[in-house]
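Shared between the two complexes below is chain A, which pairs with chain B and chain C, respectively.
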Partner chain A sequence: MNTLANTLGQFSAVIRTCAEFEQDALVCPNYPAQRGVGVYRNNYRGNLHDTLAGAYPVIRQLVGEEFFRLLAKRFIEQHPSRSGNLHRYGGEMAEFLAHFENTRHLAYLPDMARLEWAYHRAYFADDAARFDLTRLASVPPESYAGLRWQLHPSCTLLATAFPVAAIWRAHQESAGADFNIDLDSGGDNLLVYRNGLSVNIIDIPAASLHWLEQLRQDIGMGAATESTLAAYPEFDLGTALQHWLANGVLVDFETLNATPAQAGVQLFNDTGFRPAPE
Partner chain B sequence: MMNTPASKSLPHIAGIGLRAPHYLEVLEQRPALGWVEVHSENFFGGGAPLHTLLQVAQHYPVSLHGVGMGLASPDPLDAGHLRELRRLCDTVDPASVSEHLCWNTAGGIAINDLLPFPYTRDALSHVSERVRQVQDVLGRRILIENLSYYVAFRESEMREEEFLSELVARTGCGILFDVNNLFVNAVNLGVDAQAFIHGIPAEAVGEYHLAGPSLMDGCLVDTHSARVFDEAWALYEDALQHIGKRPTLIEWDVEIPALSVIQDEARKAQLRMDAL
Partner chain C sequence: MSNTHNLLSAAIGSLLVMGLAGNVMAADMQTEKCFGIAKAGKNDCASNKSAHSCAGQATRNNDPQDFVAVPKGTCDKIAGGMTMSSDAMMKK
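And now, the complex of A and B:
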């Protein structure tokens, strides 16, 4: 096994870098071994480049195909693949772009990379069954605070510094190409997720973003709501809960044994909201 | 030994590799395709890809063909990858499941390709153990495909067909005989194609693959980008004679043409099967 691990570790380095096999390790009767190695080197860079181009189509449009090739080459050198599943490759692009000397002046690119990665991951994310509202109806309201909600596996919440959703939309084939976007017009609060089969990028209120992010922290709905109300007094739990259930963002919950603090939270106002089974 | 029969099996006729550009046409027009094969990893997770495959599976027998398991990798098998494949099998109930005789991950770094390794006795024990692991988790027999490769290792202690035969004996797996891979290896590396055809256990062969390579810089590269070469058809005929009729797949992955072109190649395979 050691021998196999050594040989293949060496082969890996030969493919990814300009390292060479020791003389006579390879047998190629009809052409120099270097040519055979070249096929693997080309495949390696080509596959990863194409994967990045598939995951980051808008960035590729923004910087141009030729520059994207250079960018991908550098990215590949710094971030080798870690999975046999290529759909997982390329997640470090935002961070890479933030430090890449040739794109540092395009300050909105990392935000765009975050958005495109969220879209890419949402496309391949697991399915989740829609939440059955009758389950909630069986939970006594005093236990609501202890509910731990699970978001759809495709969800990414993004608060960006730049208006990347508008730029993204302008670069879709179906768009009327409105490139009149003021980069200084402020950032987006976005939810990227799959509703049914299609991936959606939707602008959501900052309060909702905060609340959903809190729910993601695996804390009860009571604590999440308290934290949201502290920052956004206008937040309305009843509306939010109903909305995110109806839109397939909240897909499941676990009931916690409510701690006294959670149980004490006044979750709903006098209207006594309970989502009606549809 | 793994003897659990799959609940379904591929028909012994020609099928095609189904790729994204043809999904819509296949679902809307339901052309006469014997069966279809897809790359397993493209359907890990859910959403549109899986939804499409499940629709396809209602009309055609489906074969799941993995490109990312890395059976010969020195690193441990990726348990998450295997779990995803198991889940996909449970969801799709495929007629066949196959993987390649290759590696892809060493020292935590993956090369997303189908890479050759030295055919040594150590490697045989290693790969056998992992084929058993995969078959145990999937609860079914899998087919292992012979590889196209561009370099061979001096360390090798046996030929690929000897390695495969021994793998079959040790694990009960089947063989996916890629005729084009053999043709490519014969041209590039002087592999003895007849010795391969006669060297693998005929009864273990569960499927054939056919595709067209491209010539780059004096090296025949297995690009799946052309019609099947005449020399590969000739080897296919030899295989039919010696091994027998098996489900036969036409693969096309680069510069994918109209579906009718691939169907045309499938018809040529079918004619050769019918002529037996």
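And now, the complex of A and C:
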């Protein structure tokens, strides 16, 4: 049955991969169908390639521009764009690289892709209002354990297997390109977030990473702190709370029995972007 | 549990007494996102170029050659022993 959905599905396959199509199925007013499809396909690939190059500039430098083109082509064949906003395209790169035959020997690439996606996503994430300390003053102490903190929408917490922050820094234009990096020196605990207009990649203590991850699970501050202290007895709650509030990482809270806030991380889907309005 | 309660009370108590260092300054520095400030030192035009579908590329061939099957960027500079397969080592 030749429904519109079938036709569009076929067209999508023709554009993304080089699938064959029936000459009569597609009508191009100004060109022979084959050539028209070629123009469309080339534009589609070119745009998505440039989008990926914009989101993954370090990966591109690591593998070289020519190879990146091949890598992007394979990625694009497997991942149709699912949003009208191209800034949302490419979030599956880490997973893709982990299984891409030609780069499997570069074991640190998926970690780098995670870091670059976090950076990209932080740049385009929503703003959040500064935390209002006076609101906290009105919370009775018996409700402290049930406080649910919200992280800034741009935040990504990353525990990596390889020292990708050093590799990332070596590839920034301003850096003195220090490639003296020991891949076996262990991974990073990173927080990527935007403060004002600048995206920051910072090394954070493992205890803080654990605590912030717990808070992100939407459990109360009491349970999050107990879990963190069990794993990291040296964790200093007072310092952590002060630090992450002052740096704009913790932006709001709600008490356990309150209704969910209208803004914040809950509105974001798993790509970290606000869904397009219906 | 009461131990945790004491911890939380102490942490939030000192926060309320001392306030947030740097919070006032940070609030003063709040700015609107504007043109001319963009990711990684690139201007917004560059960013938009990579994310708008209007760029005319019909004449550009985006098919990479099949022989481009080996990464040859800066990965050579940092490739440690554990990232090299034995096959790749043989070819070196």
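Following the convention adopted for this analysis, the second predicted complex is superposed on the first by the 237 of 278 C-alpha atoms of A that agree within 3 Å, B and C clash if a C-alpha of one lies under 4 Å from a C-alpha of the other, contacts with A are read in each partner's own complex, and residues count from 1 in each chain.
Going forward, a residue touches a chain if its C-beta (ideal position, glycine included) is under 8 Å from a C-beta of that chain, and two chains touch if they have at least 3 such contacts.
Because the structure is predicted, anything quoted here is derived from the model rather than measured.
Of the two partner chains placed around the shared chain by superposition, chain B and chain C are both touched by A:N43. Look at A:Y144: by the touch rule set out above, it reaches chain C but stays clear of chain B.
Chain A has more of its residues touched by C than by the other of chain B and chain C.
When both complexes are overlaid on chain A, the residue A:A33 reaches chain B alone and has no touch with chain C. Touch criterion met: A:I181 reaches chain C, while chain B stays clear of it. When the two complexes are overlaid on their common chain A, residue A:A53 makes contact with chain C while staying clear of chain B. Of the two partner chains, chain B and chain C are each touched by A:Y123.
Contacts of A:Q242 after superposition: chain C is touched, whereas chain B is not reached.
After overlaying the two complexes on the shared chain, residue contacts for A:L86 are found with chain B and with chain C alike. Contacts of A:L197 after superposition: both chain B and chain C are touched.
In the superposition on chain A, the residues of chain A touched by chain B in one structure and by chain C in the other are 39, 43, 47, 51, 85-87, 123, 127, 197, 199.
Chain A makes touch with chain C in their complex at residues 39, 42-43, 45-47, 49-51, 53-54, 57, 60-70, 73, 85-87, 102-108, 120, 123, 127, 130-131, 133, 136-137, 139, 141, 144-145, 167, 170-174, 179, 181-184, 195-197, 199, 221-222, 225-226, 237-238, 241-242, 245-248. In the complex of the two chains, the chain B residues touching chain A come out as 41-42, 44-51, 67-70, 72-74, 78, 81, 84, 103-113, 115, 117-118, 120, 122-123, 126, 149-155, 187-190, 216-219, 221. Across the interface of their complex, chain A is touched by residues 1, 4-5, 7-12, 14-16, 18-23, 26-27, 29-31, 33, 37, 39-41, 46-47, 49-53, 55-58, 60-65, 68-75, 77-85, 88 of chain C.
Taken together, the chain A residues at the contact with chain B in this complex read 1, 3-5, 7-9, 11-12, 15-16, 24-31, 33, 35-40, 43-44, 47-48, 51, 80-87, 89, 122-128, 154, 194, 197-199.
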